[in-house]
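Two complexes follow with chain A in common, the first pairing it with chain B and the second with chain C.
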Partner chain A sequence: MTTRVRLLVTALAAVLLAAVAVGYAALSGSAPDEVASTAVSGPRLVVVSNGRLATVSRSDPSGPREVTEQRCDRVYRAGGTTSCLRPVGAFKAGELAVLDAGLNEVRTVPLTGFPNRTRVSPSGRMVAWTLFVDGHSYAANGFSTTTGILDTKTGALVTSLEEFTSTVDGTAATAVDRNFWGVTFTADDNRFYATMSTGGHRYLVEGDFAARTLRSIADNVECPSLSPDGRHIAYKAAVNGDPQQGWRLSTLDLGTFAVTPLAETRSVDDQPTWLDQRTIAYGIQRDDGVNDVWAVPADGSGAPAVLVPEANSPAPPD
Partner chain B sequence: MYLSTITRPKTAGWKGISANVFALGAVSLVTDVSSEMVTAVLPLYLVVGLQLSPAAYGVIDGVYTGATTLLRLVGGFLADRTDRRKGVAGIGYALSAAAKVGLLLAGSSTAALGAVITLDRAGKGLRTAPRDALITLSTPAGDLGRAFGVHRAMDGLGAFAGPLVALAVLALAGESFDSVFMTSFCVAALGVVILVLFVRDHRSPVPSEPVRVKAVGGLWRDGGVRRVVLAASLLGLATIGDGFVYLLLQKREGLSIGWFPLLAVGTSLVYLLLAAPLGALADRVGRLPVMLGGYVALGAVYLLLFGPLGGWGLVVVVVALYGVFYAATDGVLMAFAGPLLPERLRTTGIALIQSGQALAYLGSSVLFGLAWQFWGPEAATRLAAAGVALTLAATVALLGRRS
Partner chain C sequence: MSGRRAPLALLATGVVTAAALTAIASSGHVPAASAATTTFTPTADTHVDNSTTGTNYGTSGQLGVDGSPIKRMFLKFTVSGVSGTIGSAKLRLHTDDVTGSNSPAGGSVRAMTDTTWSETGVTWNNQPAIDGATLDALGSVARNAWYEVDVTAHVRANGTFSFGVTSTSTDGADYDSRETGATAPQLVITTGTTTTTTTTPPAAGDPVLVGAGDISNSGSGDTATAALLDTIPGTVFTTGDNVYSNGTATEFANYYNPTWGRHKARTRPSPGNHDYGTSGATGYYDYFGTLAGPSGRGYYSYDLGNWHIVSLNSNISMSAGSAQEQWLRADLAANTKPCTAAYWHHPLFTSGANHAPSTATRPLFQALYDHNADVVLFGHNHQYERFAPQNPSGGLDTTRGIRTFVAGMGGASHYGFGTIRPNSEVRNSTAYGVLKLTLHSTGFDWQFVPVAGQTFTDSGTTACH
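The block that comes next holds the complex of A and B.
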């Protein structure tokens, strides 16, 4: 082949390949973004369905769903307040959007990191979130997280729980490896529970928003969720204390500190939600990447069952 | 074995750079556009697009970096044994191109994604050593610094353009990750076409007995080769990884995540601008002094991460020095090593050197991660800077006695 022929062939190949790339982009870019939405009435669960805030009927959770225009990766609703962690786009950082009962945006907080957990206090006043920061991932698979709390009444914003004074068994914890995640609020709009990891332990800590303190009360408790009666914590317990082996959904009695493993035996990596005093809901990702919301009895009996197919981030009826 | 460099090597200045080096450079340029497009968006795709848990991302990331090392040696040896360096390199380029289509087909299955990314890295592992061997075999010994400089500059241009192309595709195609992968495949396929049409294989003039595994052992017994492999491993140990450097910059300056790809783009820019001039300088004043200069730049980067500078000045200076480090070490090391390796085992030898470097780098990034966790980032970077100083001294001791 002469150089001229080779150049010609290369140019031809380039044009052809460019056409393929442009054609593909044009086709995939114009895909319609249609959403089937049906109005739902009565007590409703809040979920994320295909990246949007949606509601389903509490009595028919796998039935029709009302899909809103709100794009969220993670949601929670309580006391008329909805918190929505907006997805991180290729060109924009994420944010927390606080929505009122009419789903109007009342406040946004710009956030750096990937949405992971969010909670609202029962009254709707306090909002918490956890994000993954692309952190110490390169060596040890140990991502770092950042957790913050917003008081929607006073506007007080804590961007990281690292600002609080934390103690483990009464000793001040100041190690740089501290990470916080999974806040759950009590009914008094001040105290809350969360997970603090440090030195290979993942402690359940009790926090005081006004006093800006955190103290450990149990070990191997991740992503706590306080029951409606305020006396139990549902959480994920690392199997044999090792997160690499997965997590067992469990409950902890805050009075006796007795642990009850739930009937769900698959590894659950989610902050569970109490739908009522007897039922716990959580998301599980299928092999194909789609999430389903499952429910299991809170007393360790029964068996898990799909509650809302193709959805995640469940919140109980408000 | 290394007598050839003691007598003044042949040199033809910039004219010593053959069309083959430019052809290989063009292939690398195009291929790097393709692969850096994917690298720039992959973390975002996995965690945001597919909502994989970060733990799963960590596993995939580990596979991504770990997969190549052994294949380098296999690829190098195969290329020498069959005397078909272009063929082995071509398979490597084709595998990586196929992997881009694989990303489209893998959906969000973690296992499939892991396999696809391993395939991509396998392709990179296979092609690197035969490609560098072809460069050394197509260039007079005295011009190797320039030749690698030109090649790495073209390579760097691709790495510079890749993330920008990816961002452009995302912007134009409505943030569709699939379009990025498809474009990346098309670009990679073009690279294979250029390789097939324009790169000339370098065959041994006399057909000789095929290279045996035993000969690889002989390579290791050669003191000069061993010292270069050790020096390359030290270089690997001194490098904590781009991710950490950019992450520390980001933490210090509170940059948003979107800046991550741009820091890499900035480093590539400095690298591509300086690779050829520093290569020529290495041919003139010696390759070792230029490499040592690179180490000084690296040490300065580590110290500056917690040094007196701040704000945009810090970001610019660190990115510039980091680019200088790459330009002064990456291609120059290969130019240094090439003449030490017998022609018939050149690819294997280069693969050995690169494997040593890659394995040591894997170790150092783990160590740095641990140091960060236990002593904090400031102490960890000071430690890394001390490591660079030690490496510099050890490299002088290992390689200095020749010149």
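The block that comes next holds the complex of A and C.
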């Protein structure tokens, strides 16, 4: 219990003792549905706090935490829209829940698989998701993912990017081993970037939702995340091109295709997030399964630091 | 001295006498320093027979040793790539699965200076001299089992080494040759420091159940966890996915057999979804034979001391009323042991990020709960997780609840955790290891034993209901 108590104290440092008692009871298993929560105001980061959608202050991200009743394994928020990948339950498969600014559920899409990545376009209109189809992880050989996109304005639903026409270096890619993951949207609510895996390569592809096309523009780019100015991609680069060796968090200049490794030297298996034009956030899991959100400068300088303890799946203030 | 031989079949029964205990067979030893194990198969092996003096047996699948007619075995190994001091060298031989392969005296193993002989050239008439020291002797050997002798005195560095095996017994033994693949002779070299320090007192004869799931592939994790088993006696359990990726006979021969296969004779496995990657899991059933219960069925039970142990199959129907669930209820109803453990592959309780809890297993868990079982072990998610005693719905139950473990840290790879579930008490997603249960008459101790170089551990005690 020592570790858990310590974590709890960290999480609730600014909360009243009464709330600590409630939280302790929750983690002790006697009342799993009760968690401590404190209202947060001002610009807020969205995170997942052990399976619950939560928010923390952008200016005090390790301080008080507002934990909602929304159960999500992965979240993102932009333009007033929150995407929440619901966990696989005891008696139902998972689903995408689209929540409005008041966290009311406005649309659900039933999904099969294990929640992995999700993104919302800057305007809040487009929502994307990635699930592992049959367990496994990105470091495993032979895993499968499914990635889809929902246009919340028109209701158009693409359940799998495999439906799109994809090309590698201008040649049509039709291999059945194609897998897609990690969509990130541009500001025009049509173009997007994602990873396409085929033939042992993991390509950065640029997608066109209306034209239903994908084309490769770089290799060894996974889980892309487009910068606020639309000119850089933050991503995870397989070390020596081999995911078995882990990933180095890096950025790619879309104009020059120059790659900048970031100061985080630990392996990061996450789709990073731009908190602003200068800062990249991402999750790292401890040995015991507790996650922390870390941040590191986007230009390769500085050093990583914990941004939100005991949380994952960060999204910037919208 | 024959005491250095480790009769693996005997270890399985847990009735090894004190006189037979050695470093490999002593209880309560945990390696305190790093040790690396490398396994070599022969570059040549054959036998000669004085009743057929001109015949070469180099390509035979069998190696014979006998006093009448006289048969002698020759084995040659090339040890390379071993760095550091060789701590021990063990020659492992597997008896044929044929009538008459057993013997009251398995042969005497001697060093040889001649390393130039050819497997396909040696006959009785031109056999090389068995001219070196006697290294060790094999005692009584049974059919279809592994035996081990200590040849450290002869193998001190990289190089090529020949061994001759002779016998004066008129009831000879037959071993599998290198041509058999999975049961070929092995030379197991251990480098580095191995401890002989007793860290805990021997548990006064209480049986041990030790193992893990998600074990063998082309990586080295299974080698490291198998090295732990070398130091821990008792019955070995597996919680499925014994080999990757498809449960083929070749995968069992190439990945499992050289590592965990050393302890096959004392292993009581359970199958996983990857074992069922081969239709009907025939690779699994063919490899483990009767150790896996009735072939093709995958569920069976046995007793250890005061405990009843049930190995189940989560790859077939487990629904209420299914053949397996009905068998389990009858098996538990007939059980007279006061404590009960069970294990299977797919976890009912897990916080793993890769596989959700398998609710299809709940009828099995319900039957165990109804019969006051005490502990259930799972695999499938490649990590270690311990849960508090729970009822079948996952509620904390300190009265009748069953403590559960996910023991998917057998060596194949590691997965991360997702949302941490209620009643999850301890987790680790970075250390390979084995879970050791010491089965006392009224409770059990658990211990996560990490591989060399890892420090995570977890231990505790739970009383039987």
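Convention: the second predicted complex is superposed on the first by the 279 of 318 C-alpha atoms of A that agree within 3 Å, B and C clash if a C-alpha of one lies under 4 Å from a C-alpha of the other, contacts with A are read in each partner's own complex, and residues count from 1 in each chain.
Keep in mind that, in the parts below, a contact is a pair of C-beta atoms (placed from the backbone, for glycine too) under 8 Å apart; a residue touches a chain by one contact, two chains touch by 3 or more.
Because the structure is a prediction, the values reported are computed rather than measured.
Measured by the number of chain A residues touched, the leading partner among chain B and chain C is B. When the shared chain is aligned, chain B and chain C each come close enough to touch A:Pro87.
Contact with both chain B and chain C is seen for A:Asp269 once the two complexes are overlaid on the shared chain. In the overlay built on the shared chain, the residue A:Ser41 is in contact with neither chain B nor chain C. Using the contact criterion defined above for the overlaid structures, shared-chain residue A:Thr171 touches neither chain B nor chain C, since it reaches no partner. Of the two partner chains placed around the shared chain by superposition, chain C is the only one that A:Asn50 touches, whereas chain B remains out of contact.
Of the two partner chains placed around the shared chain by superposition, neither chain B nor chain C is touched by A:Thr154.
Legend: residue contacts after superposition of the two complexes on their common chain; A:Asn104 is shown touching neither chain B nor chain C.
After overlaying the two complexes on the shared chain, residue contacts for A:Gly289 are found with chain B and with chain C alike. Contacts of A:Phe114 after superposition on the shared chain: both chain B and chain C are touched.
Put simply, chain A uses residues 29-30, 73, 87-88, 90-91, 114, 132, 135-137, 139-142, 269, 285, 287-290 to touch chain B in one complex and chain C in the other. Remark: chain C residues 245, 351, 353-357, 359, 383, 385, 388, 396, 413, 415-420, 422-423, 426-431, 456 touch chain A in the complex.
For chain A in complex with chain C, the residues that touch the partner chain are 29-30, 32, 50-51, 73, 87-88, 90-91, 114, 132, 135-137, 139-142, 269, 285, 287-290.
Listed in rising order, the residues of chain A touching chain B in the complex are 1, 6, 9-10, 13-14, 17-18, 20-21, 24-26, 28-30, 73, 87-91, 93, 112-114, 132, 134-143, 176-177, 243, 269, 285, 287-291. Across the interface of their complex, chain A is touched by residues 41, 43-44, 47-48, 50-55, 57-59, 61-62, 107-109, 167, 169-176, 178-179, 182-183, 186-187, 189-190, 193-194, 197-198, 241, 243-244, 247, 256-258, 260, 365-370, 372-374, 376-377 of chain B.
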